[in-house]
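Each structure below is given as structure tokens.
Each of the next two complexes has chain A plus one more chain, namely chain B in the first and chain C in the second.
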Partner chain A sequence: MTDISHASDVLSSGADGLAEARAANARQIRNAKISAAVRYIILFGVGLLMLYPLIWLVGASFKTNAEIFANPGFIPQEPTTEGYVKGWETSTPYTFGRFFLNSFLIIIPKVIGTAISCTMVAYGFARFDFPLKKLLFGSVIAILLLPNVVTRIPQYLLFRDLGWLDSFLPLWVPSAFAGDAFFVFMLVQFLRAIPGDMEEAARVDGANSWQTLVFIVVPMLAPALISVCLFQFMWTMNDFLGPLIYISSVDKYPVSLALKLSIDTTEAFEWNRILAMSVLTITPALIVFFMAQKYFIEGLSAGGVKG
Partner chain B sequence: MARLQLSKLEKVYGGGFKAVHGIDLDVEEGEFMVLVGPSGCAKSTTLRMIAGLEEVTSGEIRIGDRIVNALPPGKRRIAMVFQNYALYPHMKVRSNLAFGLRLAHVPKAEREAAVQEVARILEIEPLLDRLPKQLSGGQAQRVALGRALIKKPEVFLFDEPLSNLDAKLRASMRVRITDLHKRLKAEGRPSTVVYVTHDQTEAMTMGDRICVMKDGHIMQVATPKELYDRPANLFVAGFIGSPEMNVIDGQIEGTDFRLGGQVIALDEAVLNRMHSKPQEAALGIRPQHMKLSAGNGLTARLRSAEFMGHEVYLHAMLEGKEITTVAGAAEYDALDRSDERIRLTPDLGHAHIFDRQSGRNVSLPLAG
Partner chain C sequence: MTRKRMLGLGYLSPYIIGLLVFTMIPFGASLYLSFTDYNLMSAPRWTGLENYIDLFTKDRTFRRSLTVTLIYVFTTVPLKLAFALFIAYILNYKLKFINFFRTAFYVPSILGGSIAIAVLWRYIFASEGLVNMLLTGLGFEAVNWFGDPQNALFTITLLRCWQFGSAMVIFLAALQSIDKSLYEAAEIDGASKAHCFIFITIPLITPVIFFNLIMQMVQAFQEFNGPYIITQGGPLKSTYLLPMYIYDEAFRRFDMGYASAIAWVLFVIIMVLTLAAFWSSKKWVYYAGDKRS
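Showing the complex of A and B:
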């Protein structure tokens, strides 16, 4: 009899324990939900705060000039595309299309040149031994640390003597000769993380250095190369100082200068035109970024080789 | 399908470190030569010099009748299998196999036929359209093997190809590679193989001949049986065979081998074989040839026993030196272990006498 009562004690205590465990689980799930909700509210709030100027920019580009400063909200009360139409026409003999074309005439050779030249230089530094390699790589790093400003004047004088002023050449030729130490450095680091075995296998298979580079190294380097191209694209699109220094004819202005142009020439600024053109200016960079986002992140996280 | 000859091959690295000390090695046509040794013995460096991936400091590498020192790897008519497969990660298995042929401008139809043939031999046909990251270790290694095979090279080079595989797979790949070697021979296109490993089991089971290396020197080149039965020096004696050969230090006095307080009387069989009598000597004898005996023989103190199934490894102390002996399971059960003392009789017919100073085996006929 005592045994049986003892057993039932155990059973009931077992049931109690089960109920307790259930309650603890429920509590845990509830806490997790609350913490997730709080987290998302904070993230959403901060995100909105960061994005608000951009959202406002897009909204304001559809407002009338009078409304832009009258109303802090971003939803236009009387939406109009006047800013886009007039802004596209510009106050110059050229439309904004011309300035976009100019921008792309700089960006396309610069991005392609950067990708090719930096890959070759990085491959050389990462995989070959040659005299003065350490010194040369040291100077690459030194260039990386050098502020751009200090080279402006000597560069200007050089390009003036070459007769390249008021042309696109000073804006892209240096980059096409691996002039951007940052990209060289980035690719060297990426290459160092890729084991050399595949390249050795290719050499045994009969590939020379160029074939190894093109068939084996470049495909493995692709994520990093995409990052390089993206960075170069965005930085060139946004570059203001370079074109300002080297380009003097309005018909050669890229969009970054053209935007400033509309501020200069009108006395009463047509803000909605400027904002509308600003929206157009950032669009290509945004589109390219979202398209290549996946590779971009892969390329930035160093040593993107899966085991 | 060619003979490989290394003569006075040397490798000195930039810092002045001499990795390979003028080695000479002849690999016959169709022979399976295994380079074996502990890590850092320069076996991989030697292989990489043969492949052309490492520059030769001095000496000569000859494949067939050509001196290949100055040729790039692709022109040496060799193929290499790497330890970590080194498959091209962005190419499908099919393209991985055909890459070498593509570089050699072999027409597409011919390439495809070669891929099919190799895939059939290695049973990787279902994998042809996969990427390397979708393969298991064993599959990847077979593809790597295929990539070497498809080129029909004169010399195959293997750089520890099985060390990334688990034990079971390693055993089956071992058989597969030796079978393949035999099969090619039977088909009338024998392939010369140089196979690097640090695993003596692989070396013993796969090689026609084995080249044992240490610190950039060749210690001995011989068939597996010869290495096991007649090691040229202490290093080879210790490296080949498991459990390891017992090496007992002592002095030779007349016809006696004296170790501490105990004496082994060397019989005619041993004495006649010896071509010199070193002052400081070492007696080398495999655990299998140390028999448990009742009554007489050397006295050792039993320390531990490892049960291996049908036999037992006994670890004992003999005059302050740890030795191993192998006993049958029944023999071990019958052993009187009450006082931890065991009696051992060495089978002197299988014993070797080494010169402690030079490490040379003085009980072998001098190399002619």
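Showing the complex of A and C:
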């Protein structure tokens, strides 16, 4: 850079202004480079801080119990799968396989119920006029903000009176009645952005509203519906308080409760079993997240192409 | 036309039933229960304001729990939002690997309330855990994270700040929608980066600051998994947040009336703060008439 500005100085005597402009330009470029470098350093630092606990968790799950509290690195010195083998067996009559099965038995009906009920309700809100519509839509937002803590006790009493305690019904049923206001809200927003032309055409061709919903609206809603299902999957997988309140028999425990149980019952020094099972319990959510990540990016770029 | 109107309500029927059965009736019932003595064995017995009077005059655990909850919320929410905004601001430039960073920063939020992460926190903040190993390795003194009432609550705050990803994604989307020509104009007028941030960026993203503030606050007031798994409310009840107290009263001691009263106090606090935020938002939240003009 200096060579060039030097040369330009020599070339024309009246080029002071030009040289100054070039120097300013060089300064700007240098500042931009420093600023970019600072940004990268911060981002890498924060990224490491964010991910290191998870990386350490995976490494530690393959360590011996003695090494977990002695080695801050993540590469095990004497790798062992003992944590996975023993942790999988648990101290109960059931293996973690049973607990994963229970988790999926909770999640799958819940996700299906959520998808169907929220689609119906969002369709009703976005495409029909009816009395009290504003008030009802207001209630969706109110539920979104309402702290669950205030309805939890009477809900428990209701499910007890129905004889549903220690079954999966209290975890399934509220979602099947579009109880997760967030999803209703999301689908309504998505539907409102889709013009109703196709539906109108289907109606002219003699399709009733139900056929229109199933054959026209649902395919158009598909991207939003997939993210509803993925979010519900991850939230339910992570849910702890729901199962803690409603499920009391160990044979019905989902993985979140089983993990808590293994902390309480595993002998004091068997740390790697608990860490190994922790890794397994977050794996499904991570897999789903990375699938969704890909899906979202594709969806976004497709939207960009369409304008 | 009437048929079409009824059809709309028909599609809403699951929601309306759910709203009544799982939200509105329980909402009223919990208010009623908060004025009763109910231990599941016999029918609820009306006791008037007794639960509330006990809470505010006799119950030292409640006072402690309320104080701790307020400290927790008022430290966690601002820290988390400031951090999320800071990272979003850095990400909002033409950088390589931006998708990689966004993903990396979002992963902790995905695992969010997972018990596995709470378990991990117990291990890394243990007296000989990862954090203390790194601290002593760098020449600092080890910190007694879980034994000292001063520090225990902060481990939960750190856990929730670690999950700043969803707030960050919302901030980032807002930052990306700001018209770049505003900055160029300000720079020509000689404004510094800091000036631009305070006088252009912040005012334009006040709507999402407001949104994040409300959502994070409502969430923080209901924190349960952190204290339940990581600290069990201790030491000396220094992490005994109200949701855990409610859980213990309701599902361990089966004192449903008293637990409902605590839940209602918590609900009223959240409501008052939410309404205060909405009311004050008229003064500080800036809604552009049309962003593109």
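The working rule: the second predicted complex is superposed on the first by the 246 of 307 C-alpha atoms of A that agree within 3 Å, B and C clash if a C-alpha of one lies under 4 Å from a C-alpha of the other, contacts with A are read in each partner's own complex, and residues count from 1 in each chain.
Basically, contacts are C-beta pairs under 8 Å (C-beta built on N, C-alpha and C of every residue); 3 or more make two chains touch, one makes a residue touch a chain.
Worth saying up front: this structure is predicted, and the values here are computed from it rather than measured.
For the composite obtained by superposing both complexes on chain A, the positions of chain B and chain C are free of clash and fit together. Legend: residue contacts after superposition of the two complexes on their common chain; A:202 is shown touching chain B, with no touch to chain C. Partner contacting the larger number of chain A residues, of chain B and chain C: C. Of the two partner chains, chain B is the only one touched by A:219; chain C is not.
Look at A:245: by the touch rule set out above, it reaches chain C but stays clear of chain B. In the overlay built on the shared chain, the residue A:135 is in contact with neither chain B nor chain C.
After superposing the two complexes on chain A, the closest approach between C-alpha atoms of chain B and chain C comes to 6 Å. Chain A residues in contact with chain B (one complex) as well as with chain C (other complex) do not exist.
Remark: chain B residues 51-53, 72-75, 78-80, 82, 84, 86-90, 99-100, 103-104, 133, 147, 151 touch chain A in the complex. Of all the residues in chain C, the ones that touch chain A in their complex are 4-12, 14-19, 21-23, 25-27, 29-30, 33, 87, 90-91, 93, 95, 99, 101, 103-105, 107-108, 110-117, 119-120, 122-124, 126, 128-130, 133-134, 137, 162, 214, 218, 221-222, 224-225, 228-229, 243, 246-247, 250-251, 256, 259-260, 263-264, 266-267, 270, 274. Chain contact summary for the complex, chain A toward chain B: residues 195, 197-198, 200-208, 211, 215-216, 219-220, 222, 305-306. Contact residues of chain A toward chain C in the complex are 36, 39-40, 42-43, 46-47, 50-51, 53-54, 56-57, 60, 68-72, 117, 120-121, 123-125, 127-131, 133, 136, 139-140, 143, 145-158, 174, 176-179, 184, 209, 213, 234, 237-241, 245, 256, 259-260, 263, 271, 274-275, 277-279, 281-282, 285-286, 289, 293, 297.
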